[in-house]
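Here's a structure for you.
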Amino acid sequence: MTPFDALYAAPAALTAHAPVIVIAAPLVGACAAALSPGARSSWVISVLTTAFSLWMAIALAGEVAREGVIDYALGGFPSPMGIALKVDAIAVTMALLISAMGLMGAIYSGHALLSEVRAEKHTLFQAGYLLCVSGYLGLVLTGDAFNAFVFLEISSIGTYALVAAGERRDRRALPAAFNYLIMGTVGATLYVIGVGFLYGATGTLNMADMGVRLVTLGDNPAVQAGFAFIVAGLGAKAAMFPLHGWLPGAYAGAPTLVSVFLAATATKAAIYLLMRFTFDVFPLDADFGRLFLHGILAPLAAAAAIVCSVQAIFAREVRRMLAFSSIAQVGFILLGFSLATQAGVSAGVFYMVAHALMKAAAFMALGAFAISLKARLLSDFAGIGREAPWSTVAFAVAAASLAGVPLTMGFLGKWSLIEAALQARQAWMVVVFAIGSLLTLVYVGRIVETMFFRAPTPGAPRAKEAPVGVLAPLWVLAGLSVWFGVDATLPASLADAGAAALLGAAP
Amino acid sequence: MTGFAVEMSAALNVVLLLMLVAIGLAVAHTRNLLTAILLMSVYSLVSAAWLMVMDAADVAFTEAVVGAGASTIILLGAILLTRGATARVDWRAMVAPALLAVITGGLLIYASLGLPEFGDPSSPANAYVGRMYLERTGEEVGPHNVVTAVLASYRGFDTLGETVVIFAAGLGVALMLGFGPRATLAPAPEKMGDHHVVLRVAAKMLIPLITLYAFYVQFHGDLGAGGAFQAGVILAVAVILYGLVFGLRETIAAVPVKAARSVAALGVMLYAGIGVICMVNGGAFLDYDYLFSPQVEAMIPANLLGDPHEEHHWGQHFGILFVELGVLLTVSSTIVTIFYGFAGRSIDAEEAKR
Amino acid sequence: MLLAAGTAGLLVAMVLMIARAVMGPSQYDRILAANSFGTKTVLLLAVIGYLFGRPHFLDVALVYALINFVVTIALMKFFRYRSLAQPLTASAGERAPHD
Amino acid sequence: MTYLLGLVMALTVAWFALSGQTAPQFLVLAAVSVLLSVWIAARFKIIDRDSSPYHRAPQLTLYTGWLLVEIVKSNVAVIARVWGPRHDIDPAMVSLRTNATTDLGKALFANSITLTPGTVTVDVEGDRLKVHALMREKASPASFEAMDRRAAGAADARKRER
Amino acid sequence: MSEFLTHFNYIAVVIIMMTGLFIVFSSGNLIKRMIGLALFQSSAALFYISLAKVTGGTAPITLEAASEAGRALAAEQVPGYVAQHGIDGVVYSNPLPHVLILTAIVVGVATLAVGLAIAVRVREAYGTVEADEINAVSRIDAAGLQAEHAP
Amino acid sequence: MTEALHWIGGGLVVIGSLLTLFGAVGVLRFPDVYTRIHAASLTDTGGATLALLGLGLISGLTPETLKLAFIWAFVMLTTPAAANALANAAYGSGHKPRIGAFQIIPSDAPRETDPEDADRSSSQ
């Protein structure tokens, strides 16, 4: 079985409430962090609560593996009266991913924040960070359409402020945060209106219940409008192709910790919710759903994968490069989902996890350089491989995974995406994957080449190796990218189960 | 056939909505920010009146205190700190948004025809879960105000989230504006003289009444319109009024910045703590039926609410009371924190630094 | 019936106030309109509360009167002091004499 | 101390006017609410004769009655001007001196001027008021003296002794 | 009643929604955009509340006084209406959307506060809140970076 | 008796609302902000007094009447204060009136009437 077996053994009393504890732990932690007297103590709280949340997520994964879907009725009221948390294989996979990234980020923040955020702001910053973690966890675990909106907003409002805090390094973080806020809020409001349409048509907010009742409704313009609103709203949050304008600035400007966490989780949580609606709530046999997946989602995702990869190649700043890359990779993930087959969705989930690991590691490495070196442009990184070998090599590993070099998780992810596309007889998608990967190779190659083989600019500031507190989470992530590239049992089984759970409700 | 009051309500609905549309268009048209803010304040007032006609008393309450009160003051603070009118926008830059708006609007209006008729009691929205709440609140939860019951108990988790959202906003504003130049904390220059004896006296008389009213709204949430959010904002408005009249320095002396921030966190903790207590006692998170052990529950006097024979859900009753207290703490202190953030910053100091 | 007539009168007055708020011409006119609009809304709420026989309208009317006042003071400070933080007196510590 | 007691009494009355509930729970909540409000007022240091002139309630009530009559008597004048020819008004600014010594007295006087049709207090500085009048001929400084006397009498205890 | 009147609320809501969106995307001033956003968010509130209204209904407060008024209201309807849709002789409007919109309003003010705080910081960093000017300065920032680090 | 009170109360409400309406017309018709303040603040307080009194008559001696009294006190306290604040803001910022030059009649000017007359004229 898996190496996590030992951790499954949480006390039964805790496991029974694990779905809510996963969310509540960072939430209470956020309050504690806001109350804590200093930067150090808030960091300790941050690490402890995210660790606890991760432990509970692991316990929850074990529980889901044993019991199947877990419904947790908050307040003791059965749905549709009360709010229910619905934990199935895909939800728990997302929760594992988010809480693990939350922990990694929290550990990393101990040193990373020092250079980027003024010391007296640390307690508030940590509190905001924990609120974000809690918000995304709630978003993936909830089974209630409106509750999802609330958590979407918790995470978003925290995120806007955190992104804006990057102004100390680069003032462009501020307009970027503002644009993010506008797009995010428009997206969230569109989502709410969409949910309103669905509520008007079905009378319920529980997603599962909604799904059951929608089947009987047939062709209703209000339902279609609701779906369109939800897609547009979550699409804006997930940086789906034409709505991605906010992302490069936000990722590039934010403090590294925030970039790390956002790149690993933010868009993914929104994609997850979108897929939950597409597969779980809407009757997939309706022409409308098919039209959306094949006629809208797939072409847009393909366009993202290619256009944004090209933009990444021409970006001058490394962070911006990685941000554009994120949009392109989101395109890959969405292509997998748009197949709507077990193999396709499973590949999409797998690639999602892979991308989270490698992009988080890449941003972490950039942050590690930033501690000693105020580097932004690609040319600033020339020759850094000799000065800070540990962080550079970790970055290279993540980059290799991004480019799809064999023996990395990225390679397996892309491979399974291509396989799924072939299986579904979507040859054009294979071409998109191939071109996208090639383009990725180009920009990743440029970075790695500069880091290792260019001579440093004479007179430029020297980089120093990052402290252990930064290297440890960095290497954990990079290591996982390689390990799962060699032995993918754990993520693949999670992805398979997740895909089955997502598609299971579809007829 | 319908009767007079029903017809009247329908007519008010149409008139007030038309007013809202007109104000919205006027906001879009004006280029002056202050005008836009004033119109938004009026918009809030009208929309709150409309909400009353729509039977949404609690929402109207919230819209009045939040939309017309808190938002307007925050917006005023913001334009004081940004100082500028909107630049004239080239009409060509408006074509795309206008087209987008018109097309989407047309599609939407088409789509809305698929929605049930306005006021239809048998529409899915009104006949299914909504009706279940109306039927069961009495026996399951207790409060006379069904909105309070749904808010604090059935959907208590949403409300926890909402409290956290407000907390997050306070955190965000404090993070961005809370550590800035506080030059305006200096006392007003002498030459200003004392011109405002009327306002000072009025404010002094009003503030205790406002705080009392806030507590009234807080504690009568299960009997009528209102509840913790509204009370929290009203309480904060009392502090803001004091700040406006007596200056930020005096206000911070009475309500320290740090205290406001801490109380906001404590409020969320209280809310979540109630949930955890329920969990420890064997129920689900926020299942107030498990708030008290039977021994404790037996100690509660039966005539606490007047009629000793009426059936009571003490767990639910006190659960709602406590979580609303948490909401009150968080909301009031967060709004105060936000006010401090905007009022305590000085654009002049910032400019002098350059 | 009389209450309905009262409601109609108040609504017309409100519409006129919106016209003044939109037309201006000065910002003070707009503030005046907004403030007076608020008072009319208070009355409107009280009257339709009785029209529909629902007393809880009064709580909302009360809160309107209050909010209206605070917002007007904020606006006054906006114009006179260009700051929300300045006290309205030279020193707030100065208190009225006791009798 | 008088003010504190007055405030507590007034708030208690206000609470029951608002609430009307007498069940034990609400009595407890009433006590809590009144005490919290007073505590907040004390923190704000606003418990003085301006904020709680409730010991002068009889005089103030009498004054209010007188003022109401004045208001009703003269609302008509302004309404006539509203419907009258466009420029049938002749505004002017008047400067007044008040006899009131306390903030409360000044505020009461200024507010009364505003409440009476045709005049609005624009500014109060020291014992000087600037009043904007709709009709110049109705607004000689002397015409405010009765009101000033009554307002000061209602608000300021010492006034009578002078 | 005609289709127009029965769906009048939705049409009004859509117009307000579109006005809000138009302000958000056509205005260059950050504060104005936040105002547009507030308008847009409020349209969601109007929409939900319109869904919740029941003809002849009263506020979902089951106190005696409210119920009496509710009975009077309900009695104005055709016979059988109350029996079918009422609870204890009173027709109530739907409380659930009210609860949801309470949440949404609070979320709206939270967003407004954070957005304006960011706008204030933008003004401090750039000296303006006009998007065009900010973009121009940002481009100079990026170019300046280039020049600064060029070999 | 109650029936009569209902009619009287309703009549008062109508008169109050008409007063408010006239005030609104005044706000539209008067030439500048200072004169408009007169129209708005007076009729607001007058209209509110009448309308609330009317509602009080309709509801009789009930808790609601107390609330109405509360609202009335609030309006009477805040409306003039707000009018004062607004006039002060306009005056203090140097906003010019459209008609009636700001010639200030000083308080030291010789008295035109004796105090007894003033008592009456102030109330017109």
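In this document, chain identifiers A, B, C, D, E and F correspond to the written order of the chains, with residue numbering beginning at 1 in each.
Going forward, a residue touches a chain if its C-beta (ideal position, glycine included) is under 8 Å from a C-beta of that chain, and two chains touch if they have at least 3 such contacts.
Predicted model only: the values in this text are computed from it and were never measured.
Graph distance from subunit A to subunit F, where chains that touch are one step apart, equals 2. Of all chains in the assembly, those touching subunit B and also subunit F are C, D.
Of all chains, the one whose Cα centroid sits at the greatest distance from that of subunit D is A. Set against the C-alpha centre of subunit C, every other chain centre is closer than that of A. Legend note: the chain whose CA centroid lies nearest the centroid of all displayed protein CA atoms is B. Of all chain pairs, the one linked by the most C-beta contacts is B-E.
Subunit C and subunit E have centres, each the mean of its CA atoms, that are 22 Å apart.
Subunit F has its Cα centroid 34 Å from the Cα centroid of subunit E. Centre-to-centre separation between subunit A and subunit C, using Cα means, comes to 47 Å. Rounded to whole angstrom units, the spacing between the C-alpha centres of subunit D and subunit F is 13.
Looking at subunit F, one finds that residues 23, 25, 37, 41, 67, 70, 77-78, 80-81, 83-85, 88, 92 touch two or more other chains. Shown for subunit E are the residues in touch with two or more other chains, namely 17, 21, 30, 51, 58-59, 61, 72-73, 96-97, 100, 103, 107, 110-111, 114, 117-119, 121. Multi-chain contact residues of subunit D (touching two or more other chains): 14, 18, 45, 48, 50, 103-104, 110-111, 121, 123-124. Contacts from subunit F toward subunit B in the complex involve residues 77-78, 80-81, 84-85, 88, 92.
Those residues of subunit D whose C-beta lies close enough to touch subunit F in the complex are 14, 17-18, 20, 68, 70-75, 77-79, 81-83, 86-87, 89-97, 110-111, 114-124, 128, 130, 132, 134, 136, 138-147. The residues of subunit A lying in touch with subunit B in their complex are 17, 20, 24, 27-28, 30-32, 34-35, 72-77, 80-83, 118, 120-121, 124-125, 127-128, 131, 134-135, 138, 144, 146-147, 150-151, 153-154, 157-158, 160-162, 164-165, 197, 199-205, 213, 220-225. On subunit B, the positions that touch subunit F within their shared complex are 195-196, 198-199, 202, 205-206.
Per the touch definition, subunit A reaches subunit E in the complex via residues 146, 149-150, 153, 157, 160-161, 164, 167, 170-172, 174-175, 177-178, 181-182, 185-186, 188-189, 192-193, 196, 199-200, 205, 316-317, 376-377, 379-380, 457, 460.
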